[in-house]
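We just call them A, B and C in the order they show up, numbering each chain from 1.
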Amino acid sequence: MRQFLALVVLLVLVGCGSTPTPTATPAASSMVTEEATPEVSAGTEEAATGLLATDWTCPEGYAGQTLSIYNWATYIGDQTVATFEALCDVTVEYSIYDSDESMISVLRNGNPGYDVAFPTDYAVSILIREGLLQPINQDLIPNLGNALDRYINLGFDPGNVYSIPYVGGTTGIAYNTEKFPDGITTWAQVFTAQDARVAWLENPRGMIGAALIQLGFNPNSTNPDEINQARDYLIENGGNVTVIAGDDGDAQLVQGIVDIAIEYGGDMFQQIADCACDTFAFANPVDGTILDVTSIVLLADAPNPTLAQVFMDFMSDPVVAAHNTNTIKYATPNRIAIEQGLINEDLLNSSAFNLSEAAQATAWYIADIGAEGEQLYADAWTEVTLNVGR
Amino acid sequence: MHTRLTDSTERRAHGFLLALPAIFWLGIFFLLPLLIVLGVSFLSRGSGGIPAVLPFTLQNYTYVLDTYNEVIVRSVWIALITTLICLLVGYPLAFFIRTRERDWVKQFALFLVILPFWTNFLVRTYSWRTILGPEGIINSALLDIGLLTEPLPMLNNQFAVIIGMVYAYIPFMTLPIYATVSKFDFRFLEAAHDLGANDWSAFWRVILPMTLPGVIAGCILVFIPSVGTFVISDLLGGPQDQMIGNWINTLYQGSGAHLPRGAALSIIMMLLLMFALLIYVFFGEKEGKR
Amino acid sequence: MATLTQTPTFTPDSRSLQGSLLIRRIGKAILWITPVFSYLFLWAPILLLILFSFNAGRGTFAWRGFTTQWYSNIFSGTLGAEARFSTELMLNALSNSLIVGVTSTLIATVIGTMVAISMTRGKFPGKRILDGLLFLPVVIPEITQGVSLAIFFRVIFEFIESITGARILPGVGTIIIGHVVFNVAFVAIIVRARMSNMNPRLEEAAGDLGATPWQTFYRVTLPLIMPGVIAGALLAFTLSLDDFVVTFFNKGVGSDTLPIFVYGMLKTSVTPEVNALSTLMLIFSTVLVGFSLFLQNRKD
């Protein structure tokens, strides 16, 4: 043991270049910070001038407060947060997650201080069932009235007691058109393209659901036997899986690490717009596109629930909603924004807003199937993760 | 005036009082949490907001050993390979540094080993993606020359994880070995030669035994964090290269989180490492007695 | 050592001279080739990182021309394409890192030095157990320490809430507590190593000359162990600044440190600003190391 100690000592003495004055390190670092700060904050203000031209006004009395947002990556407009901060004179803390399941796990471990989150439909239902949300006061959110009827009063939250709609989207297949010049239109093609390098999505319900459809079962099955068959199907056809990506399969596709990525539509449309290239495409498969409606919810134990609801109202403002949807390329439920022509034409006519009839016919929503069903899927997914990609 | 007697009794009392803050801090914020994890590993999974409930069960252990046996074996395997490569690279490197004649060259050679250590660990690991990826430096160079027609798969596999780990842990091997080598008196070597030893036996019978403590310490210093890795396999590995650490993370806060199973997996990993440490202590003692 | 006293068993003619020369050549070659490759291996990623921080291409690894765009982005507040990667947040993360680093270093240095003195000078029952306890944080994987501490905080916070109704959230405080745990262990190891090289007679002499224990400590012990204390503090500060795992599990909302911030950038979007940011961090630490070397040389 003594040698060990001596070695660690050496590691240190050498690593630190022996004995400078004790204050050298902290002082030097704080010096740098102080120098950097003024320069940078000037720049921030400059950037902040690019705010959204909305006539939404913030109610009085929130100046100096803090709002904590828990959201998916690449899921909000560039100027949205800055505009909200400026209009309400508040600070926004922004954290991200990469799957509904991991977000739910974090909240189950005790809300660490988030005010609002952006769960998908079935996740809203799970959060309500487990008491992880608190009811909203619709009087604080007059802009809720801007939403299209078909996004209101949905099955996962009847009467919108806990949630307001944010955007609608799909989960489908993003691929490299050079590798697949004829295009991809079905899940079956992904599972059979054994020469390709594929990124699956860390979305247990969606992935197992897609396999259930291949086997002719209900994608929301709670039958253990069917779920196990789907598990085996995924393992058998997962030899081409290079990575099970959290929320970055789209980036791995664009970087050439994979040829196919199971992805959320808007994420891929953003990548295509960013790289300004025509070598990538996104398809809503005709054998079971997954539909979703993401909501904004008020979390239980939120440190600042009233400001959170002010934020929900802000997000439902037509100008803000249009900016969000134009940036993240998911369909907004905001009727006014669409009627006033605030949404980019291309986007409005793209598959982000319109599903082909063939895809529409087989499209499905993930349903909340209860705690026991959830555990079935979780265990099956563990097995899948442990065994794919060989 | 103090007499010897009171002085030493006083010192005894002081001795314990001085240790108290550390005992409290480590006891409450280190030992107690580990005991809680041990307790949780025998509980059942709760529903809703409660992660673990009674009754006591051994099921977590049977499930974890049954489901993750491959992951456990793989983690130990990858850690062993990493340790071996680090040793093969670190040993000559330490000697190289030791044998520099000018002091400033020696300092600089050491500095060059340590400086990469000072950049952010995550960024250093991530930059391997730039090198190993299908459109990375190596592949595009080889494709341009025409040596390859298809990019070599070097990312999201075991190769990438081992590269990343060797890269991250090589100073842990080099520095302890350097510490013993720097104390090594090269006159021993001359003596061995004078006594008729050739280079090979001089290495086996003189150099290696005298630097063995550094080698063993280096191996332990590399092996332990290697088994517990989760960032490197997360950033560079594919689904078949995830280690125990990745699954502990998943079971704590990923999809399908299951706290008691995560706790059981943690305990199993700790037992593994305790075993490795026991081997070290055993060898260390033997070394000391010789 | 024992090996040497028994060495005369070598026989000169047991191996041919030629074989011996070959081995020597191979040995020499290895001694030269391995270090060259090792240094290349150690430095290639870093040099590439610096190079690519000036690459005009975004999102790909191919070279698309020279630019300083990513550096100016860092300082103009448009760090990355997303709101959460603002310069403001990065500076906030930097300041969190410094707060955590300085605080945990101070606490750990004081506690660690105290326990090191007690271990080398004091005699009390249970010393061996304490020895083991001090050693454990060094050898237990970070992830185990991080997760177990997180579970502990959760249990404790819930307990406090159920009794007093007050809700405590994880944050900078919980991170500091976690960092002190591993830092105490390292500081104690280093200070003990320094003390074991120190002559205890010096302290006894001070006592004989009428110094109180406090005076002895302040005038004799402390100056003698100071280099160890400083080295320990510097190591603690470095470990704290670079720690990702323990922080990852014990952070709260708004308490992200710089490594956590960087991880967020790496995991979800490949922004070239990450390269620029790391280059700046590398320059910063090089300057720091150079500065400490300079100070050391000036003393000589």
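Simple rule for what comes next: contacts are C-beta pairs under 8 Å (C-beta built on N, C-alpha and C of every residue); 3 or more make two chains touch, one makes a residue touch a chain.
Keep in mind the model is a prediction, meaning the values are calculated, not measured.
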Category of the chain touch graph - line, ring, star, complete, other: complete
A-B compared against B-C, more contacting pairs: B-C
Taking each chain's C-alpha mean as its centre, the one farthest from chain C: A
Chain A and chain C: spacing of chain centres that average the CA atoms, whole Å: 34
Centre distance in Å when chain A and chain B are each reduced to the mean of their C-alpha atoms: 34
Between chain C and chain B, distance of the C-alpha-averaged centres to the nearest whole Å: 14
Where chain C touches two or more other chains, by residue: 60-61, 150, 238, 288-289
Junction residues of chain A, two or more chains touched: 1, 6, 11, 15, 109-110, 255-256
Touching two or more other chains - residue numbers and ranges from chain B: 114, 133, 135, 220, 252
Sites on chain B touched by chain C in the complex: 1-2, 7, 10-12, 14-19, 21-23, 25-27, 29-34, 36-37, 40, 88-89, 92-93, 95-97, 99, 109, 111-116, 118-124, 126-128, 130-131, 133, 135-137, 140, 167, 170, 188, 191-192, 195-201, 203, 205-206, 209-210, 220, 224-225, 227-228, 230-231, 235, 245, 248-249, 252, 259, 262-263, 266, 269-270, 273, 277, 290
Interface residues, chain C side, partner chain A - complex: 58-61, 75-78, 81-84, 86-89, 91, 94-95, 98, 101-102, 105, 135, 138, 150, 154, 157-158, 167, 169-171, 186, 189-190, 192-194, 227, 230-235, 237-238, 252-254, 256, 264, 267-270, 284, 287-289, 291-293, 295-296
In the complex with chain A, residue positions of chain B that touch it: 45, 47-49, 51, 67-68, 70-71, 110, 114, 117, 133-135, 151, 153, 155-156, 171-172, 175-176, 178-180, 213-214, 216-218, 220-221, 238-240, 242, 252-258, 281, 284
List of chain A residues in touch with chain C within their complex: 1, 5-6, 8-9, 11-13, 15-22, 24-26, 28-30, 32-33, 36-37, 39-41, 43-44, 46-48, 66, 68, 73-74, 76, 78, 80-82, 92-96, 98, 109-110, 112-114, 246-248, 251, 254-256, 274-275, 301, 303
Chain B contact footprint on chain C (complex, rising order): 1-4, 7-8, 10-12, 14-15, 19-20, 23-24, 27, 30-32, 34-35, 37-39, 41-46, 48-49, 52, 60-62, 110-112, 114-115, 117-119, 121-124, 130, 133-134, 136-137, 139-145, 147-152, 155, 177-178, 180-181, 184-185, 188, 207, 210, 213, 238, 242, 244-245, 249, 258-259, 262-263, 266, 274-275, 277-278, 281-282, 285-286, 288-289
